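Labels run A, B, C and D following the written order; every chain starts at residue 1.
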Amino acid sequence: MSARAHLGRRVWAFPDGDLPVPGDSEPHGHESLVLLNPNRAAAEVRLTVYFPGRAPERDLRVVVEAERVRCMRLDRPVGEEGFRIPYGQYALLVESQVPIIAQIGRMDVQQANLAYYTVMGFPVDGENGT
Amino acid sequence: MSARAHLGRRVWAFPDGDLPVPGDSEPHGHESLVLLNPNRAAAEVRLTVYFPGRAPERDLRVVVEAERVRCMRLDRPVGEEGFRIPYGQYALLVESQVPIIAQIGRMDVQQANLAYYTVMGFPVDGENGT
Amino acid sequence: MSARAHLGRRVWAFPDGDLPVPGDSEPHGHESLVLLNPNRAAAEVRLTVYFPGRAPERDLRVVVEAERVRCMRLDRPVGEEGFRIPYGQYALLVESQVPIIAQIGRMDVQQANLAYYTVMGFPVDGENGT
Amino acid sequence: MSARAHLGRRVWAFPDGDLPVPGDSEPHGHESLVLLNPNRAAAEVRLTVYFPGRAPERDLRVVVEAERVRCMRLDRPVGEEGFRIPYGQYALLVESQVPIIAQIGRMDVQQANLAYYTVMGFPVDGENGT
């Protein structure tokens, strides 16, 4: 379509993270962060993981190439730093100078039949003087 | 990343609340309110619970420490006032002077396999002259 | 908390409606529209139902009292006009002079275990010269 | 209600697409894109499909008539070009000169009981100089 500038937002928040138990067989329970970069420059993304009872883990680095989508399992080492998110409540902040669009999905297999859901991130940039 | 001001919004609305029956075993059916405070000051939050047929319950107090996420079960006493949300339809308004991000999850176990979903709150501050 | 003006939005859109079969026992499959009116005046709401292959059904009237939440089953007669939404794809537009917040939930019981989800409406007022 | 201009947005993003296996019987697992056009002109829509490891597929054409809703199965040939989305991660960008509202639903039947969810698209027009 018509030429356009940058599509997306620079800061995304996901308050409710909680890794489900993986279970014994496929499909394994998990959460995935999915980042779409529809722009013409690679996006260098920084993740911050928040917890209920300790200081956040900052600056986990992920790259999303130009005009690509990238899906990251959150139950595996995250970012170039290979940070392991522990079980229990956590939250995620996603920051990128190149605008992106961010979504999280969770699949739960703790019972005989899976349950899952998805949620678009909440874009917090461009507000309150950010 | 770069220094930033306050991330998040001050007023969040959740129209569709309805506590599921807890069931007899883990995981118990429930709804949870999850609040992320990515900012450097503690957030003093006030909750209002709305009902179909009576006046709202106001000013239930909850604190979310700076740079922490907090998950609250809504089937347990809510806020410092220990308000018990009754079964049936209710809605929630979340207000905080320090901006936060708010999300609700519901887990339903009334049948053999759980079903659940999540929803980001709708941010209503900064609109219509608020 | 502090006094505030009107909270919410005036026009909400729900593209993906499709009444599930009710099934033979409780809980029956259904979709529900939930409207929160946190303001001090009653909200006179108008619903428009869109279809894939015929003209929309307009001006179905619903009232949500001040500071109340109202849940409407969409598989039952809708509005004061008692319109029956037929099975199959439909969409919903919700309009109100008094701002409100709108959410839809769907429960599906066509198999042994229920599946359901929720979605916040998309607020379309205040954009594109509305 | 009162006359209004154009309702909706011109560009919508869906980062997390992944066609579920269809399964052997009804209801077959699938993803559907649902577009509501509440305006008085037909919407000529262009879809772009993004992938993790190759260039995007662009300019798939779809029309949504004025004041109609249209549901498209994403496991069937998409657009007038009849593009087949392959299994695996993909993302979708939806562009239309006439504003619309876009939502995606997924139904998964890989186990005995279905699981499904829905997500409103993220509207990316009107931001960052688009």
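Brief remarks on what is shown
The rule is simple: contacts are C-beta pairs under 8 Å (C-beta built on N, C-alpha and C of every residue); 3 or more make two chains touch, one makes a residue touch a chain.
These numbers come from a predicted model, not from an experiment.
Hopping across touching chains, the smallest step count from chain B to chain C is 1. Seen from the Cα centre of chain D, the chain whose own Cα centre is farthest off is B. Interface residue usage between chain A and chain D, two copies of one sequence, is largely distinct: under half of the residue numbers at the contact are used by both copies. One inter-chain figure worth recording: chain B and chain D are separated by 30 Å, centre to centre, where each centre is the mean of the chain's CA atoms. A separation of 21 Å divides the Cα centre of chain C from that of chain D.
Counting partner chains per residue, chain D shows two or more touched chains at residues 112-113, 115, 117, 119-120. Interface residues of chain A facing chain D in the complex, by the touch rule stated above, are 1, 4-9, 27, 32, 34-36, 38, 67-71, 99, 101-103, 105, 112-120, 123, 126. Looking at the complex, you find that chain B touches chain C at residues 11, 13-16, 18, 46, 48, 50-53, 55-56, 59, 89-91, 93, 95, 106, 108, 110-113, 115, 117, 119-120, 122, 124, 127-130.
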